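Here it is, the structure, as structure tokens.
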Amino acid sequence: MVIALLTDFGDYYPGVMKGVIRRISGAEVVDITHSVKPQNVLEGAFLLYNAYRFFPRDTVFVAVVDPGVGGRRKALAIKTENYWFVCPDNGIAYPSASGDGVVEVYRINEAVSELVGELSSTFHGRDIFAPAGALLKEGRLEERYFSPLTDAIVELDLFDLTISKSGVRAMVVHIDRFGNVVTNVRRELVERASPEGVIFNGLEIPLVERYEDVEVGEPLALIGSFNTLELSIREGDFASEFGVGFGPVSLRWIR
Amino acid sequence: MVIALLTDFGDYYPGVMKGVIRRISGAEVVDITHSVKPQNVLEGAFLLYNAYRFFPRDTVFVAVVDPGVGGRRKALAIKTENYWFVCPDNGIAYPSASGDGVVEVYRINEAVSELVGELSSTFHGRDIFAPAGALLKEGRLEERYFSPLTDAIVELDLFDLTISKSGVRAMVVHIDRFGNVVTNVRRELVERASPEGVIFNGLEIPLVERYEDVEVGEPLALIGSFNTLELSIREGDFASEFGVGFGPVSLRWIR
Amino acid sequence: MVIALLTDFGDYYPGVMKGVIRRISGAEVVDITHSVKPQNVLEGAFLLYNAYRFFPRDTVFVAVVDPGVGGRRKALAIKTENYWFVCPDNGIAYPSASGDGVVEVYRINEAVSELVGELSSTFHGRDIFAPAGALLKEGRLEERYFSPLTDAIVELDLFDLTISKSGVRAMVVHIDRFGNVVTNVRRELVERASPEGVIFNGLEIPLVERYEDVEVGEPLALIGSFNTLELSIREGDFASEFGVGFGPVSLRWIR
């Protein structure tokens, strides 16, 4: 039984969350990542969506990218077919939860912070989400802490892009340590267009199946482990070389 | 039962420490942080002080920021009301240990390195502190490894600052991933002064309760999750924008 | 019982591997490092070699630095006297495995990816190496997943350097967070030459036993925790100050 954490907190804050979790629960804690780009809910949602199904049944995911911390956004606990998702109501866990099948939605009450002994306005990871996750791991879905929610929650579409005959306007949703640029263009869309390559910023890039299909140092496009289109340089760093950041990106098909 | 680690070691060295710990002890290891600014004992002490009380009873904290490694500083094991702290004698665990209530102090003998099979002059995290923490977790407070210490240990005051009517000369003790600048000015001091804001380097910054009280991109001051004064930009990076680093900082009150 | 991970994957990808491992196995996962310089098999091999013996018997090491992912290089599981090593066949685990004593070598079949439900061409850490490690941890050395291998595997020599009377041409194999520059010049070689210092890029550096033997801010050479020669600045960052990167380095002895 695992509690899995995904945040934009970087270092230290997750360590404190683990202390809180261990005081309430015997659960093992697994870090998915704490390096989501600060405030980037879309990246957080995309990374969670591509991680959750690899975890065992009954995992409790605590996913916190939370620009609205301390404000009026709700704190949620979402029960799905196989998992629990604990998160702010900003869409971060929506693609994962709806992918697995939402069963019930609860609002987390601030009372959970009594178990921590603190309620700051800046660190609900520690004061709200960590104790809520630990309670659910222990099966303690208590009224004091969780209220059934019937209001709509925030929905987020990971694959919202503009498709034309000549190409696609998509989003860069993740850049990994190797400088691979991960987009939200899905395998199915690429297979339907069946191009031989893509044009990005005037650069012609071949679409290949594996890195070894081009020479070391050459750019390439492929369907990566997220099952979406990625831009890479074999044994190089595409993002640095071409100055690519997060956000919108235009790609034209080469046919 | 948990062994919690806090160091300035960055990556890899903590992984080796975990190997050592697992050879001696069945304990689960939790990382608090390994990103303390290199050699910055004050930051290490501040972060440990703000983490320890969130951990379960009987946690063994191994805290190593150790510019004197290989030299004559002592290695300590401090038993407190609820915890053990294992650390070099440079003050890093002093605020935490005295906060929880010191019960007994031991000197760690170099003999613990026999359990590792190595005694380097540069990596006592592996050779001294990790095995000592694992022994204590197992309840093995053996004479061969631990000697009662009656000498004074190094004391460190986290909240040593200069207060005047017009403001305070304080320390930047931590900068987090979001660029929030964390000072050692405590909530009580701010409440006593009850300002409407602070002046930092000529910049007037309002004191607010939560990020949402200013517009996105605007600077703000608030009492953060450390219960001290922090300087931030809503959804921005104060430290980068204003070039703030660790060390002394002067703040004037706006009334 | 531990599964220990060493990769150049940075953040996130290791979190997904842990999900896969936890679905197959009850093993605790310990991170050694995920910050090996991208594609740098030599650094990965050096770091693994200096970590493995500190882990308990029966640890399964999953070591993945894998520029050939998706290509024709084999995936290996190597049983040694005390451990298992799971890795691509590029030499990364060779020094460790031969150091501990190779008992049997197996090729990992792609069928292990059935347990993941994915087989990408870019992320065999998730699809091949993580499930293989988890299977071995569970003692499931099944024919469907593992085939005995009698072909030669790739050998890698960590200590391949050119020695002359006046000095040595060696490799920088690791640079740590403090800017310590770690070479592959072994203690025995230095002791045989018994110099008083080294000359690096025209800079004379004394060979000392511990950091405290020079003043703060001064450069020094010593035998570090890897039992090889390191170049450092006391409480400073040698690599940044002198612009040192990975790769070949020439050192002359001062006598």
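Note that the chains take the letters A, B and C in the order they are written out, and that residue 1 is the start of every chain.
Definition applied: contacts are C-beta pairs under 8 Å (C-beta built on N, C-alpha and C of every residue); 3 or more make two chains touch, one makes a residue touch a chain.
Everything quoted here is computed from the prediction, not taken from an experiment.
A.B. asks: Superimpose the Cα atoms of chain A on the matching ones in chain C and note the rotation angle, 0 to 180, in steps of 5 degrees.
C.D. replies: About 120 degrees of rotation relates the two copies.
A.B. asks: If I list every residue number at the interface of chain A and chain B, are over half of them used by both copies, so same, or under half, so different?
C.D. replies: Both copies, chain A as well as chain B, present different residues to each other, with under half of the numbers appearing on both sides.
A.B. asks: Express in whole angstrom the distance between the two chain centres, defined as the mean CA positions of chain A and chain B.
C.D. replies: About 30 Å separates the centre of chain A from that of chain B.
A.B. asks: Mark out which residues of chain C touch at least two other chains, giving numbers and ranges.
C.D. replies: Each of 28 in chain C touches at least two other chains.
A.B. asks: Could you list, by residue number, the parts of chain A that touch chain C in their complex?
C.D. replies: Residues 2, 4, 6, 28, 30-35, 47, 50-56, 59, 174, 176-178, 180, 209-212, 222, 224-225, 230, 235, 237.
A.B. asks: Under the definition above, what is the set of chain A residues touching chain B in their complex?
C.D. replies: Residues 8-13, 15-16, 18-20, 22-23, 28-29, 38-39, 67-72, 116-118, 120-123, 126-127 of chain A touch chain B in their complex.
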